[in-house]
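The two complexes that follow have chain A in common; it is paired with chain B in the first and with chain C in the second.
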Partner chain A sequence: MSSLRAWIEDRLGLRPVAAFLAKKEVPCHTHTFLYYTGSSVLLFLGIQIVTGVLLALYYQPTLAEANASVVRIITEMPLGWLVRSVHSWSATFMIAAVFVHLLGIAFTKAYRKPREATWLSGVLLLACSLAFGFTGYLLPWDELSLAATKVGTNLPKALPLVGTFLTQVLRAGEDVTGDTLSRFFIMHVSVLPLALLAILGLHVFLVQRHGMSVPLDAERDKLELPAIPFWPNFFFREAAVWLVLLGVLLTIAVFAAPGLGPQADLMAPAPEGIKPEWYFLFMFQTLKLFPARILGLNGELVAVLIMMAGMAAVLLVPFIDNRPFERKGKVVTALAWAGLAYAVGMSIWSLL
Partner chain B sequence: MKLPASLYSRRAFLNGLIGGWLAALGAAFISPFVKYIVPPTREPDQVSVPLADYQDMAPHTVKGFAWGNKPGFLKRSEAGDYVAFVGVCTHLDCNITFIAEQRRFFCACHEGWYDEDGLNVAGPPPAPLRRLAVSVEGDALIVKRPG
Partner chain C sequence: MNGRRRVIAAAAIFVLGALVAAGLLEARVQAPAQASVKPAAAAPGQEKPAAVRPARERMAVYVVLAWVWLSIAVLLGFLRMRIREADRVHRMGLVRAAERSLKGPGL
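This part shows the complex of A and B:
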């Protein structure tokens, strides 16, 4: 056994990595609970990969078969309904965990120098996660998912110059058709996973490179914080959190399996009361409220530009709030609360 | 005039030149992919439907037809002519429906309304419904893109 280990070590030379992990420590303070949010995302990502592969064993991404193959998965395949339910709920949990992770970092200002690149890669991962949600929503090919995809892919069209081209790229042409379904499927199962894993690798590497962020006052006063070893103490705590989350996820997945609407019909009118996934609700409500024309401009264009400005602001937060212990930080915190209140308020409004 | 030293070194010049070539080569390789990912449009130039199916329509009623892979609506006017619309909301592309009691078109996605002539009258739609030209030829109705 030890000679095998020596042989592997000779070929790979991983001792420094193992030594780093053995020495790695996790500081203990009032915000330590935020450290669990990142690993929760990883848990749900792992579940998504496993259940996603299982679903893809029977799913068929064609106009004629997509809806029928999902029906087959949930009615005929042993535990197929549970696999689909877990995939659907775990997606929701993962997006929620990503948002909590992002907000925790925004409020504790953990994005500041030297962690700007970590924040940037994290926002890209958020974009990947939302793209997963958006492409995955179409795959069951029911009435709701078709209408939601039509709206979502039409949004870029409002942009000048590149808008029409972007919409055509997303839809595979002028309209949402069977080609759109193929395109969304390959994005969902191949392009996005590759992109996500690459960016995630960078993200996790950067977290290790810069070490865990600590509260501002501890950093300013160079306080020596108590710490526990990552292995095994912190890891086991994480494992406990994972078990609880897994239990909650499975319970909800068993008792609230998602339904499946009638097969999408390209010619049918949009169904009443369409709603996107909950994490797009605030955008949906914003679009509903915007009038057709604002100050002589296309209302949709204004709405899309405001949303893009919001996303750019989130992406560039570390470069806007770049001086610790100054007023700017408080302004960003206030804006983050305002943005959160807006998103929550609009989402609730859209459900009324 | 001869300068004692060039303002632009030979190295910078060659780097720019070769870099430019490489960029052009890269663009030449990428352009087919960009072209490939958008398939040609499939909107029909014209559609023919049997007149018999639409002959008995009362004025101010609406009946659907297939405009390629999109829904279309044929409306009978007071004078007995036909008017055709593409049944797609001009706001964000959802398929609309005709509500006969109110004589209005409705888009359920963001609650957009059009009157029976396709004019956007309420909600977010920024423009009237797209109109198509209709003509009667023998026992068929020919629906064409206008112009």
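This part shows the complex of A and C:
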């Protein structure tokens, strides 16, 4: 055993990493629970990769076979329905965990100097996760996913100059077709995973580089907070959280497996009750509320511009709220609460 | 307090065990009747429920789920013990003391 360890150490030189982990400490305070949200994202990402690979073994991204292959997966493959259900629910859990993680960072102001780059990479990871959800939604190729993708890919069209081009790039043509399906599949299983893993690597490196943030009060008063070693004290706690989350995920996946709509028909009119995934509902409802014309401008364009401004503000929060670390950014906190209330309210309204 | 915890743990294990046993019995009873069940084809325009599968497979999954929760409960108990032990060692400063003694005096 020791010779094997020595062999690995000679080739990989992991001793500095092991030494780093042995010395790494995790501060204990009222916000410590937020540390678990980051690792939960990693858990769900791992589940996504495993179940995604299993699904990809049987899924066929063609116009004729996409829906039929999903039907085969959920009816003929042993436990295929469960693998698909776990994949679907794990995506929901992962995006929820990313949202909670990001909101926790926003409310505790952990994005301030020197963690601006960590925040930027985190927001990019959220964007990647949402893109995963958007591209994955079309893959079952049923009526609802086709209609929702048509609405989603039509959004950039409202932008002047580049709008039509962006929509064409997304759809691989003028309209949503089999080419769009192939493009979304490639994005879902190849481009987005590579981008996500690269950004995730950077994010984890930055978290280690700058250490875990502590509450503002402790930072201001330079309090020496109690800390526990990452290994094994914190790691075992994380493992317990992972086990519970895994159990909850499996239980929900068993009892609430997602169904599959009838095969999409490119010529058929859009079905009633089109709804995107829950994390896009507030945007969907916002678009529905905007009138066709606002002060002579295209209403959809105004809505898209407002949403883009909101996204840019979220991305650039560390540079907007860049005051000394000791001062609490009450305006940013109020805006974050207002944004959260708006998103939740709009989502519920959309569901009613 | 410890006695109460033991009672709760025993009750939880009993409930999960009963669930597992019931699942096994039901799976055995339903196996011959459901062996040839094929998923019904959904009518055009209708959503196919993802849970269209033989009752035997369904019961097997419920049994596995019960085992999963049982395993999680056992592992959580094990982790709890390990965490307490690790915290105790940390509080006593044994790890740091061991590191210092490895480095030798004056270092």
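Quick note on the criterion: the second predicted complex is superposed on the first by the 345 of 352 C-alpha atoms of A that agree within 3 Å, B and C clash if a C-alpha of one lies under 4 Å from a C-alpha of the other, contacts with A are read in each partner's own complex, and residues count from 1 in each chain.
Please note the rule applied: contacts are C-beta pairs under 8 Å (C-beta built on N, C-alpha and C of every residue); 3 or more make two chains touch, one makes a residue touch a chain.
Here the structure is a predicted model, which means the values were calculated and not measured.
Enquirer: Examine A:150 and indicate which partner it touches, taking first as chain B and second as chain C; both and neither are also allowed.
Expert: first
Enquirer: Thinking of the overlay built on chain A, is A:291 touched by chain B (first), by chain C (second), by both, or by neither?
Expert: first
Enquirer: After the superposition on A, what does A:165 contact: first (chain B), second (chain C), both or neither?
Expert: first
Enquirer: Tell me the contact category for A:82 with respect to chain B and chain C: first, second, both or neither.
Expert: second
Enquirer: In the superposed arrangement, which partner chain does A:273 touch: chain B (first), chain C (second), both, or neither?
Expert: Only chain B is touched by A:273; chain C is not.
Enquirer: Output check: A:261 vs chain B and chain C. Expected answer is one of first, second, both, neither. What do you get?
Expert: second
Enquirer: Regarding the shared-chain residue A:7, is it in contact with chain B (first), chain C (second), both, or neither?
Expert: neither
Enquirer: After overlaying the two complexes on chain A, where does the chain B footprint on chain A coincide with the chain C footprint?
Expert: Correct list for chain A: none, the interfaces share no residue.
Enquirer: What residues of chain B sit close enough to touch chain A in their complex?
Expert: 37-43, 64, 66, 69-71, 87, 89, 91-97, 107-111, 120, 124-127
Enquirer: Spell out the part of chain C that touches chain A in their complex, as residue ranges.
Expert: Residues 39, 42, 44-53, 57, 61-62, 65, 68-69, 72, 75-76, 79-80, 82-83, 86-87, 90, 95 of chain C touch chain A in their complex.
Enquirer: For the complex, which residues does chain A have touching chain B?
Expert: These residues of chain A touch chain B: 147, 150-151, 153-155, 165, 168-169, 172-177, 179, 266-274, 287-288, 290-293, 298-300.
Enquirer: Would you pull the chain A residues touching chain C in the complex into a rising list?
Expert: 71, 74-76, 78-79, 81-82, 84-85, 142, 228-229, 232-233, 236-237, 239-240, 243-244, 246-247, 250-251, 254, 257-262
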